[in-house]
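One chain, subunit A, appears in both complexes that follow, with subunit B as partner in the first and subunit C in the second.
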Partner chain A sequence: MTRRSLRDNPKRELWLAWGATVFFYNLYAVVFFLFTHIQPPGQPWYSPDQASTWFTEHHHGLGIGLALIFVFGGLSATSIALITYSIRRMSVSRAFSYSYLIIYSVSAVPGFLFICVALTAGIMRPERSPQLQHWLYQLGFLSFSGTMGVFLIGSLIWMCAILLDGNRVFPKWFGYLNLCNALTEVVVSPSWIFKTGVFPWNGLIAWWIDVVIFGIYTGVFITLLRSMIIREDFGTGPLPAVPAWRFWQSPVETAP
Partner chain B sequence: MRARPHRGHSLGHIGTLDLVETLLTVVRKDASLRRVPSSGERVIFWTLPAVAVIWLAAFFLFPGFVRPMSPRASATEVATFYREHTARIRYSMILLNWFCVALIPLLMLVVERMRGMAHRTPILRFCVIGVAGAAPIAFLTTTVFWLLAAFQPERAPELTQLLNDLGWVTFTCGVPFLVAQSGFLALAIHFDRQEQPVFPRWVAHFNLVIGLALIPAAFAGLTKTGVFAWDGLVSFWVKNVAIAIWIIVMSIVVGHAVESDHAAGAEAVA
Partner chain C sequence: MTVAEVSTPPCRTRQVPGQPDMWFFVLFESLIFTSYFCVYLYYRAQHEAAYLAAQSQLTLWLGVVETIVLLTSSWSIARCVEQSRNGRYDVARRDAFLTAGFGVIFLILKVVEWVRQIHLGNTFSSGDFFQYYFFLTAIHLVHLLIGFVVVGVAIHQLSSPRRRSQELVETCATYWHTVDFLWVLIFALLYVVR
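On to the complex of A and B.
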């Protein structure tokens, strides 16, 4: 998109927020999977010595990766803002959109700041007693996986709004996908209890299945938000349907 | 309350009664203009000087800021620090725990001004609301860690050091929300293309500079020495001075905008 077309595009704010959302989730994936190896997560049954060694082994990746999250973490607000906007565009009360906005804004501190702080404190002093390193290790992973309610209730609010909406902002099946995302927050709860088997924070249910569902959910909502921006007519009635052939056109061509 | 001659809105008086009376005068005046959307905003605005005095006093009361605590200090040194300065740490952190979230009303005054910007959507306003709560709450968490360390300074030095580390990392690296906030505001002001923009153009550039000045602090976890360490030039001084300047400049800019909105509102009602 050229500079001029961006300035004149009435949807520029929406497109910038969408671009920042794509950037943020890609950065999140690269940092958590490649740099820090926080995903797939470390073993919940590690002994204090093993947890201490885990910090030493991942020292550089954790340091740089977490610093990047400390720099760009605030961009998570762009997807929250877009989703809030999407709910406001629906034929439901603004109470839904503001609830979503507040709940997801609050989620940032326990949801990703805690793990970054705990693991950064862990790499700062490899000489710290293994018992304390173990505590930091558990604080990091459990706060990350175990911050559940905000995402559970947030997803349910989005789901209700979509199912009640008469402005066809999102397809109804996506409402049910929100239910799937909400359920991942339910089945992750045993990670507060179990260290082995399918339930702990790295287990088949609490990690593998949840991450696949969350990955699909995120990919789908980013795509659907793009579709919403393309179809946005700045009115208050139903959003126009988007012909399949226009769906993958570039934003500039489809802007009014 | 005893009747006193009206002395205008100046907060130059030192007496508490005078201050209360001045605030009440402003409230009453604002209440008489109920239909004005900016009604009551001047009350929020004029709490800022008082809050700023408390912030500044608490900042200098905490002995860990006057000469920033070193990340190189041993567990024993950290524990000794908490034992020797227990009272000052407790009082300063209780003050900051009380008042750090008082930044949020200032941010909401900014958010309200954003309504008047020549934007097509409220997206950037939602972005600022989305990060406005997180930065003060991150700082609130910091005070909890430091207060916890000072609660029982005789505990094992390694535990005190752990709580101290968690406090300092949260305090120093916890900048993502402020960085994003500056970026969102810079963009919002840049997009506000109208004859009389809500904020002057330079405020966009100012926010960009402040946002950039905060970024190096995010790397404080990588080293315990040099300018990037949590007691270093960029991670401590540049970051905290940038935040202070941001609060002062944005308060003045918002104050002007609130006043002109209020004047316009009063005119409309009259």
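On to the complex of A and C.
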């Protein structure tokens, strides 16, 4: 691709937002799963001393990983913006896109910022009493796993928009996948009650199965957003279909 | 992309009732529930005696009645689809209302059963079996509540000659059958399997 074609490409901002979304979710996965070991979450039944030890054992990983999230976490806005754009491109009321934008802007706070602040406060003051460290530990994981209501409503808003849309921005099956994702937010709610078994914040049902569904859902919506950008004609009517063989083609080749 | 390159979707021959997209949902939800069932059966096999003791506190006949009610609701929604296909929209709409009515009866029976269990001292946090019992029946009930909205969509479709999308009515019926199908599995696993 030449420099001129990039400059003239009317979709460059959309591709920039999409690239930032891919970067954010990859960073999120690497930081949360590999650096900090926030995922899978620590044990819910830890005593104050064990929680304090957990902070000490994960000090460096948490420090580096959470610093990266504080620097790049704002990129989560790009995926929200792109999804809001996709809803605006649909034939539904703008109320859907505004509702989605507002609810997901709020959701970043319980979604990942709250746990980052609580755990950073835990590692940066290790001399604090174990009881307070325990409180930060529980606050972090419970806020992360237990405050899923905003995501539930957000997924349902996107689902309704897709099912009502006449512009074929997304396939209807993805609307139904939104419902599957929304239901996982209900499944995780017992994590407030249980410390052991399959329902606490790291339980087989409340966390492992949910995270697999969320992983599939995230991969699917990022792929479908890419497809939407390829098909975007900046009109107001139905988006043109893309032949299956072009679906994986380079976006540069398909740009007008 | 030029206009010439834009492909128009080919005329689709129907292979399943309703939107194929809904069948994707049925498959995906079935996989999710299968994973719950596998977890339940695995832990049940580890502590079989404790699970059997807890299971004996369930009221089997109530579960049977609930199953019959939900199966009857599936029959009425199937009738609704059939009547709609034949152009008898008023009868189809009545059948859709009947389906919602059976759903309400199931809902009431389920709440009565929960209240009964709570009075017996069996709550969501009182033992492994009742964790699964309350979780599976509650998540199923959430599906049933969504089902009321779905049946409402079918009734809305059938109410006006300007709408009446047969595909949408069949899609709604597919969802309702899924709720029924999942209940039959839950009933078998929680109430019947010994």
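We take it that the second predicted complex is superposed on the first by the 253 of 256 C-alpha atoms of A that agree within 3 Å, B and C clash if a C-alpha of one lies under 4 Å from a C-alpha of the other, contacts with A are read in each partner's own complex, and residues count from 1 in each chain.
Everything below uses one rule, namely that a residue touches a chain if its C-beta (ideal position, glycine included) is under 8 Å from a C-beta of that chain, and two chains touch if they have at least 3 such contacts.
Computed from a prediction, not measured in an experiment: that's the story for all the values here.
Of the two partner chains, subunit C is the only one that A:Leu204 touches; subunit B does not reach it. By the document's definition of touching, of the two partners only subunit B reaches A:Arg125; subunit C does not.
Using the contact criterion defined above for the overlaid structures, shared-chain residue A:Val117 touches subunit B, although it does not reach subunit C. In the superposition on chain A, A:Ala241 contacts subunit C only, with no contact to subunit B.
Greater residue coverage of subunit A by touch, when subunit B is weighed against subunit C, goes to B.
Residue contacts after overlaying the shared chain place A:Phe194 against subunit C, while subunit B stays out of touching range.
Of the two partner chains, neither subunit B nor subunit C is touched by A:Phe221. When the shared chain is aligned, subunit C comes close enough to touch A:Arg231, but subunit B does not.
Those residues of subunit A that touch subunit C in the complex are listed here as 171-173, 175-177, 179-180, 183, 186-187, 190, 193-194, 197-199, 204-205, 209, 213, 230-231, 233, 240-243, 254, 256. Within the complex formed with subunit A, the residues of subunit C that make contact are 1-2, 6-9, 19-22, 24-25, 28-29, 32, 35-36, 39, 43, 124-125, 128, 131, 135, 139, 142-143, 146.
Residue ranges of subunit B in contact with subunit A, taken from their complex: 71, 119-124, 126-134, 137-138, 141, 158-159, 161-162, 165-166, 169-170, 173-181, 183-184, 187, 191, 215, 217-219, 221-222, 224. For subunit A in complex with subunit B, the residues that touch the partner chain are 10-14, 16-17, 63-64, 66-78, 80-82, 84-85, 88, 101-102, 104-106, 108-109, 113, 116-118, 120-121, 123-125, 128-129, 132, 135-136, 234.
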